Amino acid sequence: MEDILELTIAQIRELLQKRKISSVELTNYFLERIKRFDGDISSYIKVTEEYALKMAGDADKKIADGENGQLLGIPLGIKDIYCTKGIETTCASRILKGFIPPYDATIIRRLKDEGYVHLGRLNMDEFAMGSSTETSYFGITRNPWDLERIPGGSSGGSAAAVAADECIASIGSDTGGSIRQPAALCGVVGMKPTYGRVSRFGLIAFASSLDQIGPFTKDVEDCAIMMNAIAGYDPRESTSVPLNVPDYTEFISRGIGGWKVGIPKEYFIEGIHPDIEKAMQRAITTVEGLGATCVEISLPHTEYCLAVYYIIAPAEASSNLARYDGVKYGFRPQGSIDLLDMYKKTRSAGFGAEVKRRIMIGTYALSSGYYDAYYKKASQVRALIKRDFTEAFTLCDAILTPTSPTPAFKIGEKMDDPLQMYLSDIFTISTNLAGIPGISVPCGFTKDGLPIGAQFLAGHFEEGKLIQIASAFEKYANIEKRRPAL
Amino acid sequence: MPYEPVIGLEVHAQLLTETKIFCSCSTQFGAEPNSHTCPVCMGMPGVLPVLNRKVVEYTMKMALATHCRINEACNFARKNYFYPDLPKGYQISQYAQPLSEHGYVDIELDGGKKRIGITRIHMEEDAGKLLHDEHLPSSYVDLNRTGVPLIEIVSEPDMRSTDEAVAYLKRLHEILVYLEICDGNMEEGSFRCDANVSLRPRGEMMFGTRTELKNMNSFRNVQRALDYEIKRQQCILESGQDVIQETRLWDDSKGETQSMRGKEEAHDYRYFPDPDLVPIVIDNAWTEEMKKSLPELPLEKRERFIRDYQIPPYDAGVLTSSRALAGYFEEVARLSGKPKIASNWVMGDVLRFLNEEKRDIKECPVLPGSLAEMIQLIEDGTISGKMAKDIIVEMYRTGKSPQAVIEEKGMIQITDEGTLEKTVAEVIAANPTQLAQYRGGKEKLFGYFVGQVMKATQGKANPQLINELLKEMLAKE
Amino acid sequence: MKIDKGVVEYVAHLGRLALEPNEVELYTSQLNRILEYMDSLNTLDTEGVESTSHAVPVTCVLREDLAKDSFSVEESILNAPEKIGSSFKVPPIIEVEE
């Protein structure tokens, strides 16, 4: 059974269909692995064993009946940010402790329709606010490649669980890099689709105009399979886009001969870890070896992205998080003398430091007298950032950048310096501001054996192109296969 | 120093849609607490709003009916504040880009017309209800009303008296109800009004310091609250003090406005465009379609009634006070061919019966066809006007046609001269004293004889014929 | 733009957060550092640039006015920290002078 951990969704699906293995066996295998290894890593907030085995049993029946859902019988880990009917959903916050959603997020419905198995709830930064999975109320998650280091964030649990083979694939969310950065730091594939491609209904909102859902997988083909399952229009979301979804697996092995790949000069800055810089040089060579031409491009407003992001995201968050007031659900401390007291006690004790910090920044940026200087200004610069990409994609088919300026850093290293922590997202946030899709694929290791990720970006709704270039890159780059030593 | 009040009104009207503005829950009033709720209107984590098309269309109708300009594009904003009846911690409203702006309505006062400007009409969601328990130190939250669609109609500070304000309010109310987009029920809160009031010396251009009045849930209360507040501010100004800018609540039982000072938050609503909703673009075709769907509005109808039916302005006003009543009247007028008489019957008997039982014209048991038929029966002499007065009571009570009532009660008018001559002769013979007095010059007694004949014929005699016969026979020796 | 402790306390109140004195200190210095970084935006001329609040342009998303079943009352108040009957219960509203 040990070789199961080598297998991808594509391969396991075949075994399931040929009845070489049952979904229950598979699920038990992962439940065992979680028991053995997750004590050190803590990628899961909660393992839903009974629920998982029931779903696996149902899947086995469906397989026996000849059904063939895209994820039928496949055990997945779910970031604890999607409302799941009957399953405690916390967003890694004390304020939602005990909250049992009475409804399913659209993404959960879609996964159910495809027959997935819900292994458990993956850890994350509280309300997805962080780059290291250190702000969770339920404790930190460790990087399987080095337990002294962070797995990235906010979807750190989702990345670590795939890296440690505690699930075949997982689902995360990305507001400023929360899928791609931990995917890079944990050596797995992570995609943030175009804004509007995957329904946000039931995704607990951090920053509504930036949030997007995407998969973590072992390879690019699995990413395509997951995207096939989750992408598509949802009438329950006004910002969902009613466009047909292609079969993403068709973009595998198409090659990129004749493509132009843009290398934005603003992304190769001082401060990038030297091993990452070297890996990027190799990546450029690999891309050219595939018959593409790399061209230098400019995204002139890159230096403003971080400032824009850290105004818009907290502003939206300050409003999105106003509903956690102790009235309708979640945490409420005892002994409030009046309503105002109850509000303040609930929110002060219910939210962690980083969430409070962002509520403060966002509230300030929207408050009377400062709106124009901050929120309005940021929204205007956002338009310029978007335009940069539109112009860039007239010159190239895709863009290649590092995913993160550094490999996984030490636990606690940046916790006292919010701005340093925010800089971890410097290469990923522009994507969210522009709404375009991005993918992070493994592109080597540092001297110390930490994974490095390369990021490809494409125009709106061109996830197919990303699958195409990332899968070609994955095959041709021939990155050494390693597993974290657990 | 003579002061002049300056009044502006903000009206909130609940729209008569089936479902809430951003989710598919029912808007029905009066259900068990929290039974008309779903994750969206309860503000559960992760939910998203999707706008109800009807809300946009109803708002467009009101905008067109009040001569507003409809903006090509509008959007929603979040108004952020904490209150238990606001489950998301923000209200979805329109702020920088409302659906419509720059309109007006005309009001009539003592024969004169005045134009009141409308600043804007926008869409927003209603809040839930917070109920206070006087016995326990706690409050309850019912979210059934959360997300019921509202339009807010903001006037210019164009009103200069309480009467103007009330006339404006009644005009808006009438239009909303005419458009069938709001039920206009003030007690249940479907039509709510806040007022901004200030005073300035007559002739002064600058506005004085204003107060905002809330909690006035009837036209009468609006009248009383404004009168009170104007007097209060006048006293302050006359004593040389300054009016404080604040929100004041109307206390109906005490008959006064009270300061909310100290109880009110310093508001900083932190409006910003709602990222979960997309802009609404309204093209000419859509506007034209809405324009075509507009009914004739009350003012136009009133003028047409006066012109086409030759009825007095007051009557036209009463008859056009609701679309259903106007429709009823027009049906009777058309079927009977006698608009003036139709107006008398509708204004008189029909409305009196309905008012006595507080029933709506839509529930009137006398169908327009029946009333028209009755009018024709009077016209062709089958029944007398006096008989009709009794017949219509029966018609109202039973819902039967006049013909049926007449047959049942044997109420055909006696128009046969021979029969009536006999009765007249009998009446004269039975009243020798009165006859002598009459002949002695007391001509007033003519009426007495008419009455006696009517009594003898149970009111069925044709009055004109009675007159003729009495005159003839009383004169005869 | 420099902000002082008063602003931090005001903003915390708007967001309904009660801050300990040491938190006020900490947030004042951290927020100032972050806002100083944000001020880099002011070097950019955005005269005439339209604000973007949506990454992907979509307009006029509307649903038809058709009622669907609401939640049962049980489901609606399932997660309520405190309830009375089918209503949510909250402490009394004593509006305190600011």
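A few points about this structure:
Note that the chains take the letters A, B and C in the order they are written out, and that residue 1 is the start of every chain.
Rule of thumb we're sticking to: a contact is a pair of C-beta atoms (placed from the backbone, for glycine too) under 8 Å apart; a residue touches a chain by one contact, two chains touch by 3 or more.
Please read these numbers as outputs of a predicted model, since none were measured by experiment.
Contact count check for A-C and B-C (C-beta pairs in contact): higher for A-C. Comparing per-chain C-alpha centres with the mean over every protein C-alpha atom, the closest match is chain C. Work out the mean CA point of subunit A and of subunit B, and you get 57 Å between them.
Put simply, the C-alpha centre of subunit A and that of subunit C have 24 angstrom between them. Centroids built from CA atoms put subunit C at 41 Å from subunit B. Multi-chain contact residues of subunit B (touching two or more other chains) are listed as 39, 42, 50-51, 82, 84, 139, 141, 268, 270, 272, 275, 277-278. Under the contact definition stated at the top, the residues of subunit A that touch 2 or more other chains are 99, 102, 209, 235, 238-239, 318, 322, 325, 327-329, 339, 343, 363, 367.
With touch defined as above, residues shared between interfaces to two or more other chains in subunit C number as follows: 14, 16, 51, 53-54, 58, 61, 63, 71, 76, 88, 90-93. By the touch criterion stated above, subunit B contacts subunit C in their complex at residues 17-19, 24-26, 32-39, 42, 50-56, 73, 82, 84, 130-132, 137-143, 262-266, 268, 270, 272-273, 275, 277-281.
Residue ranges on subunit C touching subunit B, taken from their complex, read 14, 16, 51, 53-54, 58-68, 70-73, 76-77, 84-93, 95, 97-98.
Of all residues in subunit A, those touching subunit C in their complex are 98-100, 102, 194-196, 209-210, 235, 238-239, 241, 301, 303-304, 306-308, 310-311, 318, 322, 325-332, 336-345, 347-348, 351, 356-357, 359-361, 363-364, 367, 370, 373-374, 376-384, 386, 418-419, 422, 432-436, 460.
Residues 82-83, 89, 91, 96, 99, 101-103, 105, 200-205, 207-209, 235-239, 315-316, 318-319, 321-323, 325, 327-329, 339, 343, 363, 366-368, 371, 375 of subunit A touch subunit B in their complex. Across the complex, subunit C meets subunit A through its residues 1, 3, 7-8, 11-12, 14-19, 23, 27, 30-31, 33-35, 37-38, 40-42, 44, 46, 49-56, 58, 61, 63, 71, 75-76, 78-82, 88, 90-94, 96.
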